[in-house]
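Notes follow once the structure below has been shown.
Note that the chains are named A, B, C and D in the order they appear, and that numbering of residues resets to 1 at the start of each chain.
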Amino acid sequence: MTKDKLYNYTLHLADNALMLAQRNSEWCGHGPVLEQDIAITNISLDLIGQARSLYQYVAELVNNAATSTPPAGGGGREGAKEATEDSLAYLRDVREYKNCLLVEQPNGDWAQTILRQFFFSLYQYGLYQQLLQSTDATLAAIAEKSLKEVTYHVRWSSEWVIRLGDGTEESHNRLENALEELWTFTGELFTPASYELEAVKAGFGVDVSALKPEWEQKVNEIFSEATLSSPPAGGGGREGAVWMQAGGKEGIHTEQLGYILAELQYMQRAYPEAEW
Amino acid sequence: QELEKIFLSKIDQEIKIEPKDWMPDAYRKTLIRQISQHAHSEIVGMLPEGNWIGRAPSLKRKAILLAKVQDEAGHGLYLYSATETLGTTREQTILDLHSGKAKYSSIFNYPTLTWADIGAVGWLVDGAAILNQVMLCRTSYGPYARAMVRICKEESFHQRQGFDILMALSKGTPEQRAMCQDAINRWWWPSLMMFGPHDSESTNSEQSTKWKIKRMSNDELRQRFVDMIAEQVKVLNMTLPDLHLKWNEQTSHYDFGEINWTEFWNVVKGNGPCNKQRLDARRKAWDEGAWVREAASVYAAKRKARAEKKEEKQIA
Amino acid sequence: MTKDKLYNYTLHLADNALMLAQRNSEWCGHGPVLEQDIAITNISLDLIGQARSLYQYVAELVNNAATSTPPAGGGGREGAKEATEDSLAYLRDVREYKNCLLVEQPNGDWAQTILRQFFFSLYQYGLYQQLLQSTDATLAAIAEKSLKEVTYHVRWSSEWVIRLGDGTEESHNRLENALEELWTFTGELFTPASYELEAVKAGFGVDVSALKPEWEQKVNEIFSEATLSSPPAGGGGREGAVWMQAGGKEGIHTEQLGYILAELQYMQRAYPEAEW
Amino acid sequence: QELEKIFLSKIDQEIKIEPKDWMPDAYRKTLIRQISQHAHSEIVGMLPEGNWIGRAPSLKRKAILLAKVQDEAGHGLYLYSATETLGTTREQTILDLHSGKAKYSSIFNYPTLTWADIGAVGWLVDGAAILNQVMLCRTSYGPYARAMVRICKEESFHQRQGFDILMALSKGTPEQRAMCQDAINRWWWPSLMMFGPHDSESTNSEQSTKWKIKRMSNDELRQRFVDMIAEQVKVLNMTLPDLHLKWNEQTSHYDFGEINWTEFWNVVKGNGPCNKQRLDARRKAWDEGAWVREAASVYAAKRKARAEKKEEKQIA
C-alpha cells in the first residue's frame, strides 16, 4: 500500500522532470545566443538525469512488488517484462502521465521558456529542500543530488527574468505576455494531488501547499527587480483573481501532451522488441 | 620583409604564431576562412543530430545525444573565439554564414532519416572530422591549435558513442540491423567527401601546407580514414557500399572506388538535400533571437550605468 | 515478379495521396475563410479515398502472394497478420514510404498550400488520364474514379493561384516565396523511379517523364494569368537552373516525414493489438 | 402595435416569421444572440475534434472524422447566413466571438485527451445538441428553423458515428475498454450542463418560450437526454459516473444527481481548461487569414472592373 503511494508520488516527480526536459531540449540548436543554447540544454540534461533516477526507483518498486498486483499504468506491455526507466518514460498513454500542466506547455518565445523555467525551478527548489527530510532514503538522496542543479536553474532563470523585464520595451512586453500565458498553470504546483496528500501522511512526501508563501515571495521579489507588475492573486473564486487550472497531476492534461508523446515515444512504440 | 622572415622562421621552428604576432595578410585570411568554416560546421552540425533529440529511443541515448549536440555548440564557441583573435567579430562571422558567403561542411546537408543515422554520423562523420582535427592540433596558429586540442578530446568520445549506437543496432532485431546497414550506406560516400577534393584539384592546399596550417593532404587523410573504417565495420558485421573496397597487400592500404565528384560539387554549390533547410533554420534562430540579444545588451548597459552612478555617489 | 512491381508502384501512388491528405487536413478548423476550410478538407477527403482504394489493392496483392516471400516493407508486424489498408498506411517506417518529397512539405501559409496542391493536382491529372489505359484493370478503375475529383482540385487550386498572384502585393509576394520553396520538389514528379520504369515496361504504369511538357505548359499558362514570373528551368546542370531534389520515391525523404509519421501512426503503434 | 399584433398572431398560428416581416427588436436581438452563439459553437466545436484528425487510428475513422468536422464548418455557414438575414454581417458576428462578447457552448472548452473522447463527443455532445436542435426545427423564425432541419439530418448521423467509435472500443482490448469508460466519465457531466441552468435559474427562457423560439425547457430536454443515454450506455456495457442515476417507476424517468453548477458557471465565465486555447486558435486562424481574404476581395474587384470594361468596349 505504501509502495503504491510511493509509486505514484515518485512517478509524478519523474514526469515533471521529463516533460520539461523534453520541452527545453527543443531549443537545442535553435537558441537565441550560443551560450544560452548551451545553458538551456544543460538544464534539460539535469532534468533528464533527475527523471532517470526517479524512474529507476519506480521501476525498482514495481519489480520488487511483483507479487502484489502492479499498480495501474505500470508502463509494461501485456505479458509484461520487467519495468525499466524506459518502459515507464515511454510506454504510458496520456492519461497515465502525472506531470503538472505547466511543464507540458509549449516553449513559445524565449520569454515564455524562461518564465516557465523560473516558476518551475523555484517550485522544485522548495520541494527538494523539504524532500531532504523524506523518510524515504532514496528520495532524500535524489533530492540532495538534484538540489545543486536546481539552485543553478533558479539563479539562471531569475537573472533572465530580470534581464528581460528590465531590458527593452519589447522584452518587457513579451515577458508580460508570457505571464498571462503561464500564470494560470502555477496554482496546480501547490494544490496537492491525492497521492501527494497520502505521501505527506506517510512521511515521505512534501506538503506542497506549504511551499507557496515562500515561492510567492521570491516571485514578487524577482518581479519587482524585473520591473514587472506583480502577478495577480491566484486561485479560487476571489474577485479579480486569475483562475488556476489543474488536472495534470491526476492525468487530465492539456491537448499539448498528446503531441509531446507522439514524438517522444515514436521509436519505443514502433520497435517494441528492440533494445537501444 | 623582416617581419615575414621572422614569421617564416617561427613556422620553420614549430613555434606557434600568436594573435599579436605579425602575420601575412593571406595567412590571416586563410585562417579566418578556415576557422570560421570550421565553427559554422559545428553549429550547423547541431541540426541533423538535433533532429533526433526528441525521438531518441531511450532516456540514456537522449541524454548522450543532447550532451553531444551541446558539445558541438561549445566547439562552435571556442572556434568563434579563435576567429575573433584574428580581428573579426562573432556577429560578422555568423552573418557571413547566413548570407551564404561562408561555407560549412557539406556533410550536414544530408538528412538524418532514422535513429541509425545518429550512430552513423557519430561514427563516420565525427570519425572523419577527428582525423582532420588531430592534424590541426599541430597547426601553426596558436589559438586554433589549442582550440583543437580541447575539441579533439571530446570528439573522439563522440565517435565512440556513435559506434556504440551502431553496435547496439547490429546486435538487435532484423529491423535494427537493416536500419544500421542502410545508414552506413547513405553516410559512407558523403563522409569520404568530407576530406575535400583530390590533392591535385585542391586549390588552397599547397600554401596552407607551407604555412603548416595543414599538415597532411586531403588524400592522405582520406586514406587513413578508409583504412580505419574498413576495419571497424567488420566489428559491426556490416559492409561499406563500395565494390572496389579491398585490402591491397602492396600498399598496405585499402583500395577504394571513386567518389561521385558531381554530387560533391553540387552539394557544395548549395544543392544538397538540406542546404536550404539548414540555412533557414540558422537564420530563423538568429532573427528570432534578435530581441533577446538586444534586451540582454540594453540591460547590461543599464546595469553598468547604475553601478557607475553608485560608485560616483560613494566617492562623492 | 509483376506482383512486386505492381506492389511498389501502387504503394507509391497511395503514399502520395495519403501524405498530402494528412498535410491538408491540418488546415481543418484553421482555414482563412470558412468556405475554403471546407474546400481544402474536401480535397483531403478525396485524397484519403484514393489512398484507401490503392492500399486496399496493395493489401490484396500482398495477401494473395502469401505463398511467395512478401516484398520488403510489407507493413505487417513480425509473424504478420494479413496486410490491410491500415497496416500499410500506418506500420511502415520512414524509409519504406514512397511518396514524393513535394507532398510531405509543411503547409506553410495558404500560398504555399495552394501552390503545392496546384503542382501536385496538375501532375495527378496527367497521371490518372494516362492510367486509364493501364493494363491493370483495378488501377484503371481507380484512376477513372479519381479523375473527376482531381479535375476539381486542379480547377480550385488554379483559381487560387491566379487570385493570389493577381491579388494584392502581399499575396503576390507570398506566392513567389512559395514558388521558391517548392519548385525544387517538382522535378521528382517527372523522374521515374525504378519501379515506375518497370511499370511502364510491364504496361500497367505511366511514363511520368512524358507528362512533363503538358504540365509545364499549363503551369506557365496559369502563372501568366496570375502575373507570376515563369518558374525557372528545372533540373540538371544547366546554368541558372534550379536544382531539383529527388529521393522520396525511393524512400530518401526530407526530415519532415518522420514527424508526420510520429503523429499519423501514434495510435496504431501504441495499441498494436487493437481494432478501431 | 398593429405590427406587433400581426407578429404575435403569426406566432400563435405557427406561421414562420421571415426576414422581411416586422418583428420586435427584442425578438431580433434574442435570435441574433442565440443563432450566432449556435454558429460559434459549430466553429469552435471543430477544434476539440480536429485535435484528433492527424492521429485517427485508421484511415476509415480518419475520413469519417474529417467529414464530420467539415460538416460542422458547413453548419456554421448555414447559421452565419441565418444571422445575416437578421441584419448583421458574418464578419461582425465573428469579431464578437473573438472579443469575447459572444459566447459558444462551454462543452468545447474541455480537452480531447484520447481517441475515446472523439467517440464520447459524438455520442454525448452531439446527442445533447440534437435534442436541442430537433426542438429548434420548429422554432418560430423561418431561416433558423430551416437551417436546423438541414443540420439535424447530419447531426444524428454524427451521433451514431460517435456511438460506433465507442462500440468498437467497448468490444476491444482491456485498454480500449478503459479508455472508453474514462471518456464517458469525463464527458458525462459537461454534456448535462449543455442544456443550461435549471429552468428556475434561466433568465432568457420565459420570453423565448412565449415567442416559440424555444419550445421545451432546459430541464425537460435534459431529462430526455438522461433517459436516452442511460439506456444506450447499457449497450456499451459501460456506466455513467452518477451514483444517483436510477430508474424511477413513478415518474417513468431516470433520476439523476445534481450538476456541479460552480464548474458550469466557471467555464461559462472563461475559466474552463481550454477557453483561452480555443479562442486563441480561432483568432489566430482569422488573423493569419486576413491577407488571404483581402487578396480574394481585391482580385474579385479587379475582375469585375475588367469585365465591365470589356462590356463597355463591346457596347461601344
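Descriptive notes on the structure:
The working rule: a residue touches a chain if its C-beta (ideal position, glycine included) is under 8 Å from a C-beta of that chain, and two chains touch if they have at least 3 such contacts.
Since we're looking at a predicted model, the values are computed, not measured.
Computed centre separation for the pair chain B/chain D is 57 angstrom, with centres defined by C-alpha atoms. Centroids built from CA atoms put chain D at 36 Å from chain A.
With centres defined as mean CA coordinates, chain C is found 41 Å away from chain A. Annotation for chain A: residues 93, 258, 262-263, 266, 273 touch two or more other chains.
Shared interface positions of chain B, defined as residues touching 2 or more other chains, are 55, 175. If touching chains are joined by edges, the resulting network of the protein chains shown has some other shape, matching none of path, cycle, star or complete graph.
Those chain pairs judged to touch are A-B, A-C, A-D, B-C, C-D.
Of all residues in chain C, only 78, 93, 258-259, 261-263, 265-266, 269-270, 272-273 touch chain A in the complex they form.
By the touch rule above, chain D contacts chain A in their complex via residues 48, 51, 55, 111-114, 175, 179, 182, 186, 266, 270-271, 273-274, 276-277. Considering their complex, residues 93-95, 184, 243, 245, 247, 252-255, 257-258, 262 of chain A touch chain D. For chain D in complex with chain C, the touching residues are 43, 46-47, 50, 53-63, 66-67, 69-70, 73-74, 76-77, 80, 115, 165, 168-169, 172-173, 175-176, 281, 284-285, 288-296, 298-299, 302. On chain A, the positions that touch chain B within their shared complex are 18, 22, 25-26, 28-38, 41-42, 44-45, 48-49, 51-52, 55, 85-86, 89-90, 109-110, 162-164, 166-168, 170-171, 174, 263-264, 266-268, 271, 273-276.
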